[in-house]
Each structure stands twice: as structure tokens, then as C-alpha cells.
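The next part holds the structures, each set out as C-alpha cells.
Shared between the two complexes below is chain A, which has chain B as its partner in the first and chain C in the second.
== the complex of A and B ==
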């Protein structure tokens, strides 16, 4: 089985671009990745594209071929949808296509356009990732779902709102030098605690923003990279995906995310690594509690232990395991269907020394974690530089 | 969606709950689940029977939402809870003041209607 390498990885600015169409956003990212990779147009075998709510936001279905066209390509193109994990599963599909021998070069990525809607409509669109009959009809929003998980977490394991505040403060601090991030502003614990509640105990500063953006990566086989003398020092050496019941009410625990654990077990075994080998992690922190649940699901912390990790400095840029050096979803932004690919792009930049926060990565192994809904879907990738 | 069209299974359960005869689905291995379902989500059994739901449960977690989707815009603040009935949990709106809701409180089940959408939903009432 061939090793899959990254020949190019880019993202658009993440932020508020209400007037820009989805196809324009994706074209910018895809053309950037193509230019970086230097791969001829006709060598790209497939497009694997992630998007969550394009039918609602732009009344546009069948987005695979539209995005291939926008990227200047004429090749098979498929859209992947697993809520907020859409681009993560698209990257995974690209890795699988190359490993299987079906493709030598895949353009994988994702896009979401969100700020062209009123906030309350976006709130409604995001909620379709939950169970319509049993959850949405009972008033469950996306922040509300994570609030239910956060209260269940705090009830069993403890943790104060201030612990969660430190996670937001950390991720905002990490985003400061990141030119692609939506929020490049420092916040304090007091800012977090004073901000309005959205769905208690989830407050405004526990939540990721609403974001437009796209990300794209060019994946190539080891043989293709060698044959064309490509500069591709980072390999995706592990991929894993896990699933769970979609409705919180049907799960064994309301404060654990076994889909993450299943994805991590598969990805770490695939790469032949353990959590101790990892130098930096990008996790799916759509809400501050999501970062806690991710770190526990990935095996970096035992259940109930990760809530104080940011407050204790363990996951800050100077800590033993820097988490979300990009700023995470919280500060970099969360264009839902692009996030999984943007995590790959940011980790690629971190590992190759091209990221403003690369200096904080002490090692050659990075992990990305992308989750869908309340983690009914999870995708984990292992990236290694000079592998 | 056309509110006159039923969601079979789900609406059947709500009809029964309105009559005070709510049920859940049970497989031979003792797993509980909720309709509409043809297989047990825990073991894959296709042999499911309807069993009476205990008439009260306890709040396992809850949240009071201030920022709602348009379908609940005039209802804020409202409290959504996940309630443990033993064999299954259910999610619904708690008919109580937010400050009176707490983890572990005992509630009964009923059916309400969202006046903004016309949709029915499960509701919980302090016992």
C-alpha cells in the first residue's frame, strides 16, 4: 500500500464574506493548493469535497461537479456530508482512493458559506445535524446540544465555567498571529465569564463563530511524488473514522464521545503511533467542552481529566501538548464543511515550519480531529513530516 | 413540511403519550429504544416489542436556551432536558421555571405543541 503525501495545502481567510459564493471560496483554496503542488491539471484524478448545508445556504445541490469546475478541473467529483466532519471524511476518501491504487492525485477539501443568512436561520440550519424528531422538535440547537453534554460532564466530573474560559482564552491567543483566522483578538477569562449565555452553561465565548471559508489539499501517492520530484515532506500516515448514535438520548454516556475514541484507535494503529508520539493536535472545538471531550476521546487524558488542561497550561503553546495552535474552531472560525480540511492544512503548515506558531511544535507527528454533530461522526488523521 | 402528514412511529408514540400510555421498544436482550425503528440500535435484533414506559423519570442533563432557531424564537428562554426513564431516555421541553430545574429532579411525560410551527413535542412536568 502506498504512502499518501501532501503536495499542497491552502485555505481562504476564515471570516465573514457574505457576498462571496461558495464556488468562489472553494476556487480560491483549490487554485492555491494546485499552484503550491505544481501538479498538471490532467493529472488530478478525483475531487473529494466536503459541504454540509449548501442546499439551505445557497439552494445548491450536486456541489461536487460545481466545485471541480470552479477549481478548473474536469474529473469525477463527489460531495461528502457528515455534518461538521464533512471535509474530514472527504480527506479520508481521498487517502483511501490513493491507497487503493485507483487514483494517484486527489484534490480534497471543503467549503461552507454561512454568513449570507440571518444568524437565527444559520442556527436552524446547523440544528439539522441533530435528530429532527426527538431533539430539534424539543428545541435543541447546536449550542444547546453541547450545553447538555457540558452539564452532564460537570455533573459527573466537576469543572467550573472558568476552566472552560481558559480554553477559549488559549485558542484566541493562538489565533493572534494566524493571518487566516477570523478572530485575531485576545480575550480574558473575565470577558468569557461576563459574556451572555446562549444555552447555559454554554456562553457566547464558549462557542465558535459563524464563518465563511474553504480549504483544499492536493494528495499524491508516494510514487507520483517521487516520479515528479515533488516537494511533499508531510505524509498522512493514519486515518480513522468512528460513529455513534445520532441522538444524545440514545448514547450510553452523555459526557463521552466514543466515536472519537474509535477513530483515534484506528488512525493511531494505522500510523503505528501512540498518544506519546504526538507533538501537536488540532481538535474540533466547536464549543469549549468539545475540546475537553476530544482530548479525552483521543486518549491524551482520562475521562474527567482534560477540563483543567488549558488552565494548567498543558495545552497552551508553551505546554507539553499544544492544542489548536491554529486558534481552533473557536478563534480561527468554523465554516462547517471546510473545517476538516483546514485542520489538515494548518497541521501541514505547523509541521513544515510555515505556520507562525510552528516554533511551538516540538516533534514530527501531528494529529487532527474533526467531529460531526454531537460527535455521531468523528474522523482522525495522523500527519508526519519527513516520514 | 406538511404538518398534516404523519411521521409514523414517532407520531404513534406521541398519540399514546397523550393518552398516558407511552411505550418504548424492547429487544430480547433487554435493550430499550424509540420508534420509528426496525432494529435494535444496540444489538441489531429485529424482534422488537412495545413495552410500557415507566410513568416518571429523572432529569439527567438540561439547558436553558436564550438564542433559539426561528421555530422557537418566541419561546425563549426555554429549558430542554434529557430525562432517564430507565430502559430509555427522552428529550423534551421542561414545563417549569428554569431556576427550578435541576439534575436528578423527577418528572412525568406529556405532549405539548409548539405554537410557532404546529409541531407536537414531548414535554416534562415536575412530579
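== the complex of A and C ==
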């Protein structure tokens, strides 16, 4: 089975782009990745594209061929959807397409346009990632769902809202030098605690923002990279995906995410690594508690320990395991259907020394973690430089 | 690379099921396929699920994990979306997942629930498969788009509405013994010509109906089938996908479907077959002209010839190339996100002698063709029995 390499990886600025269409945004990322890779357009075998809520927010389905066209391509194109894990799933599909032999070169990425809607609409649209019959009809939206998860965590393991504040403070700090980030502004623990409560204990600064943006990566087979003498030092050596019941009521624990653990087990085994090998991690911190649950699900911390690690600074850029050096969903932004690909792009930049925070990466293995809903879907990738 | 085999393949009745949820429908198909295959639930590595308009029609995204749960599974699950080609793409993803080595057993299928909406809504929801910026805003819906394609075909190649009527008459005839079909009623050429015009030259009987339904197949690796002594005589030996510009205005011809040709080239090469090897075909006849364009795109007829073949009876059950022995989208029904998987199921039944129309299949190779939008996406599969 061939090794899959990254030949190019870019993203747009994450933020509010009301004047730009979705195809504009994806084209920018895709053309950037194509230019970086130096791959002729006719060599691209397929487009693997993530988008979550475009059917509602833009009244546009069938975005695969639209985005292929926007990227200047005339090739098979498919949309992958697992809520906010859509682009992670698209990247995983690209890896499998190359490993299966059906493709040598895949453009994988995602796009979401969210700020063209009223916040109320966006909240309602995002809620379709939860169970319509058993959760949404009862009034559940995602801040409420993650509030239940954080409350269950605090009930079992302790911890205060202030402990979670450290995660938001850290991710805002990490985003400061990142030109693509939505928020490049420092916040303090006091700012976090003084901010409006959204759904107790989830406050405004526990929550990621609403974002427009796109990201794209060019994946190539080892053989293609060698034949064309591509500069592709980073390989995706592991991919894994996990699933879970979609409704919280069907879970045995609200404060554990077994889908993440399953995805990590598969990806780490695929790459032949252990958590100890990992130098940097990008996790799906749609809420601060989500970062905690992700780090525990990935096996970096035992249940109940990751919030302590955050408070103790272990996951800052100066800590033993830098988490979300990009700024994470919290500060870099979260265009939901693009996030999984943007994590791959950011990890690529971190590992190749092109990221302003690359200096904090002490090692050659990075892990990305993308989740959908209340982690009913999770996708994990292992990236290695000079592999 | 392993050969991918079908261990089970079922569908629900296609028709109007206003009293059943989407998960009810998919569970019926999935449990049927599981039972037929005799595969333990823990052996199923992933669910590849097609759905097109559920975000609008059911306000439910993230249906992958929901449908895995409905099927009694706790495994990774992803939704694939390429408009009406969604389930074809899902089956193709399942094939690649097994060929890539990431899975041994995949449950692939799709579901769509459409009759819970007013027809007006359904038409509007289906329109999101077209280009929102350049087609839908101008008032384009699918009967109109296919009317343009049929008009362009008639202008270049001749043919009358009566010639196209033969396709509808044939597909209704084929559906008569099919217990899963939405319409088991014969129609005549006169019925077709007397029926209301929808969008000239597309009349009511040129158009497929609005349908609820689901279909599922269990795909297994050759090795898994052998190890577990499964009865799996049909292999999927070829898979291909093609893309095209989504808006008709960007095509060089309105009466040709190059995405189908690209998908067929890839699938036939993958299987090592030519059109001459094929004993039966299931094509995407959302409108009668779509069947014509599909047969020409697949290489069974030269441009301008397939409508003549229909008039001459070559594609009936008694003809040289039986097309849509299931009844096709026209008479079997078209639950859009399930159709691609239902074609695989019907071809499996046809090849294994389990279909009431199996007697008309003279050979061991069948081809399925699933299209999205005005064929901006196309997926082709080659199935072989005793391969």
C-alpha cells in the first residue's frame, strides 16, 4: 500500500466574508494548494469536499462538482458530510482513494459560509447535527448539549469554570501570530469569567465563533511524488474514524467520547505510533470542554486529567504537549465543513516550519482530531514530517 | 488488491410511506441485507450512506451515525452526497474502503424520504442539485432542465415525443412483477401522449415520481467471504465516477453527458470489460431522455441512436440489451439518495436469479449507472456473477 503525502496545503483567512461566495472561498484555498504543489490540473483525479450546512444556508446541494469547477478542474467530485467532521472525513476519503489505487492525486478540502445568516438561523442550522427527533424538537442546541457534557465532567471529576477558561486564554494566545485566524486578540481568565453566560456552565468565551472559510490540501501517492520530484516532506501515515450514538440520551457517559478513542486507536495503529510520539495536536475545541474530552479520548490524558493539565499550562505553546497552536476552533475560527482540512493544513505548516508557531513543535509527529455533533463522529489523522 | 463481493442486498418497498421515519426505512433495508449476508454486527467496519435532501426535507444532517444506529451498529458512518448520485457514490466509497485495506465489511446504502413534503417543496428542494446562482435563481427546476436537454437532442438527432414514450411504456412494463416498485401498472404510448405536459417536451409520463425508500448492500472482501464461507456469487469488479460543470450553460452540448462517459471508461477498464460483455443495464432514467443519454454515454449506442433503439424495442426485456428490468426510476421509483444503491440491489437480484425479471438476463455481467443533477455527477458500477 502506498504512502500518502501532502504536496500542498492552504487555507483562506477565517472570519466574516459576506461579500464572497462559497465557490470564491474554496477556489482561493484550492488554487493556493494547487500552486504550492505544482501539480498540473489534469493530474488531479478527484475532489473530496467537505461541507455541512450549505443545503440550508446557501440552498445549494451537489457542491462537489461546483467546487471542482471553482478549482479549475473537471474531474469526479463528491461531498462528504459528517456535520463538523465533514472535511476530516473528506481528507480520510482522499487517503483511502490513493491507497486503494483509484487515484494518484486528490484535492481534499472543505468550505463553509456561515456569517451570511442571522445568528439565530445559524444556531438552528447547526442543530441539524443533533438528533432532530429526540434532541432538537426538545429545544436542544449545541451550547446546551456541550453544557450538559461539561456539567457531567465537572460533577464527576471536579474543576471550575476558571479551569476551562485557561483553554480559551491559551487558544487566543496561540492565534495571535496566525494571519489566517479570526481572532488575533488576547483574552484573560477574567475576560472569560466576565463574559455573558450562554448555557451554564458554557459561557461566551467557552464557545467557538461563527466563521466563513475554506481549506484545501493536495494529497499524492508516494510514487507520484517521487516521479514528479515534488517537495512533499509530510506524509499522512495514519487515519481513523469512530462513530457513536448521535443523541446524548443514548450514551452511557456524557463526559467521555468513545468515537474519538476509536478513531485514535485506528489512526495510531495505522501509523504505528503511540501518544508519546506526538509533538503537537490540533483538536476540535468547538467548546472548551470539547478540547478536554478530545485530549482524554485521544489517550494523552486519563479521564478527568486534561482539565488539570490545561490549568497547569501543559498544553500551551511552552508546555509538554502544545495543543491547538493554530488557535483552534476557538480563536482561529470554525467554518464547520472546512475545519477538518484546516487542521491538516495548520499541522502541515507547523511541521514544515512555515507556521509562526512552528518553533514550539519539538518533534516530527502531529495529530489532528475533527469531531461532528457531540462527537457522534470523530476523525483522527497522524502526520509525520521527513517520514 | 482484493475483489469486493456482495454478501447481501435489499431494498424497501418504494412508494409513499408517510407514517415511517427515515431511520425506519433505512433500518428495514440494512437489517434485511445484514440478515441475508449472515455477517455479525461487530464485523461491519463502517457505514457508507447516501442521502440528498434530508437537511431540508427532514431538518436532519449528520445522518451517517443515525443510520448506523438504526442498523444496530456502532461504527464509523459517513454521509455521501452528490445529489441523486449519492448512494452510487456511497457504494463506490465502500468498494474503495475495502480495496484500500481499511475495511473488510462495509454496509453501503441510502435513504430518501420525499412524500412528507408538498410537491412544490420537493421540487424546490430537488433544485438545490442545480446551480443556485446561475440556474435556480433564474427559475430552473429539473423538468425544465431535462426539457432543454431533450429539445437539444431532438433538434440535432430528430425523434418525436412518441419515441420517448416507448421508454416509459417499457419501464412500466418491467416494473409489473417487481414487488418493490412504486408503480405496477402498464401504460400505453397513448397514455403517455395524453398525459399533462410538464415542461415541453417533457410530459408527466416522461418523469419519474416522488418516492420514499431505502436500499442497502453488504460489501465484503474476497478474503472475508472465503474465510466465512459466505454465499457471495456477485462481485463488483468495476467502479467509475465522472464529473462535469454543474450548470447547463457551461456545457458544450446539452445532449451529451460526458460525466457518464468518463465514469463508464473508468469502470469498464477497472473490470476489464467492453459494452459487448454486458447482459443487462440499470440506468438513471429520471426523465425518459436521461435513459437515452445514459445509454449513449455508456457507449451502448452512438449519439442519436438510443432513441431509435427504444422505439425499435431493443431495450425491452425481449430486446438485445434489456435496460431497467427493475422498472427504472420511472416506475420502480426514485427516492433520490437511495437510488444508486437500489440499482446495485436490483442488479444483484437480476444476476442471481432472484428477480422476477431474471429470466431476461442472458449473461453474467451487469452495469449500473447513477447520475446527479443534469449529470454533473455520474457513477458506474460493473457487477459480475460467478466472477
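Methods note: the second predicted complex is superposed on the first by the 387 of 387 C-alpha atoms of A that agree within 3 Å, B and C clash if a C-alpha of one lies under 4 Å from a C-alpha of the other, contacts with A are read in each partner's own complex, and residues count from 1 in each chain.
What we mean here is this: a contact is a pair of C-beta atoms (placed from the backbone, for glycine too) under 8 Å apart; a residue touches a chain by one contact, two chains touch by 3 or more.
Please read all numbers here as calculations on a predicted model, not as lab measurements.
S.K.: By the touch definition at the top of the document, which applies to A:133: first (chain B), second (chain C), both, or neither?
M.R.: Both partners.
S.K.: Per the contact definition in the header, classify A:143: touching chain B only (first), chain C only (second), both, or neither.
M.R.: first
S.K.: For A:245, decide between first (touching chain B), second (touching chain C), both and neither.
M.R.: A:245 sits against chain B and chain C alike.
S.K.: Just to be sure I read the superposition right, which of the two partners does A:200 touch: chain B = first, chain C = second, or both, or neither?
M.R.: first
S.K.: For A:89, decide between first (touching chain B), second (touching chain C), both and neither.
M.R.: A:89: touches chain C, not chain B.
S.K.: In the superposed arrangement, which partner chain does A:61 touch: chain B (first), chain C (second), both, or neither?
M.R.: A:61: touches chain C, not chain B.
S.K.: Using the superposition on chain A described above, determine whether A:189 touches chain B (first), chain C (second), both, or neither.
M.R.: neither
S.K.: What is the contact status of A:176 with respect to chain B (first) and chain C (second): first, second, both, or neither?
M.R.: neither
S.K.: Take the contacts of chain A with chain B and those with chain C, and give the residues found in both.
M.R.: Of chain A, residues 133, 136, 245, 250 contact chain B in one complex and chain C in the other.
S.K.: Provide the residue numbers of chain A that touch chain B in the complex, in ascending order.
M.R.: The touching residues are 119-121, 123-124, 127, 133-141, 143-144, 147-149, 151-152, 155, 196-202, 245, 247-250, 254.
S.K.: Could you list, by residue number, the parts of chain B that touch chain A in their complex?
M.R.: 7, 10, 33-34, 41, 60-73, 75, 78, 80, 82, 88-93, 103, 114, 119-122
S.K.: Help me check something: in the complex, which residues belonging to chain C touch chain A?
M.R.: Residues in contact with chain A: 1, 21, 46-47, 52-53, 55-56, 58-62, 64-66, 68-69, 73-83, 89, 93, 95-97, 99-102, 128-133, 136, 239, 241-246, 250, 262-263, 372-373, 376-377.
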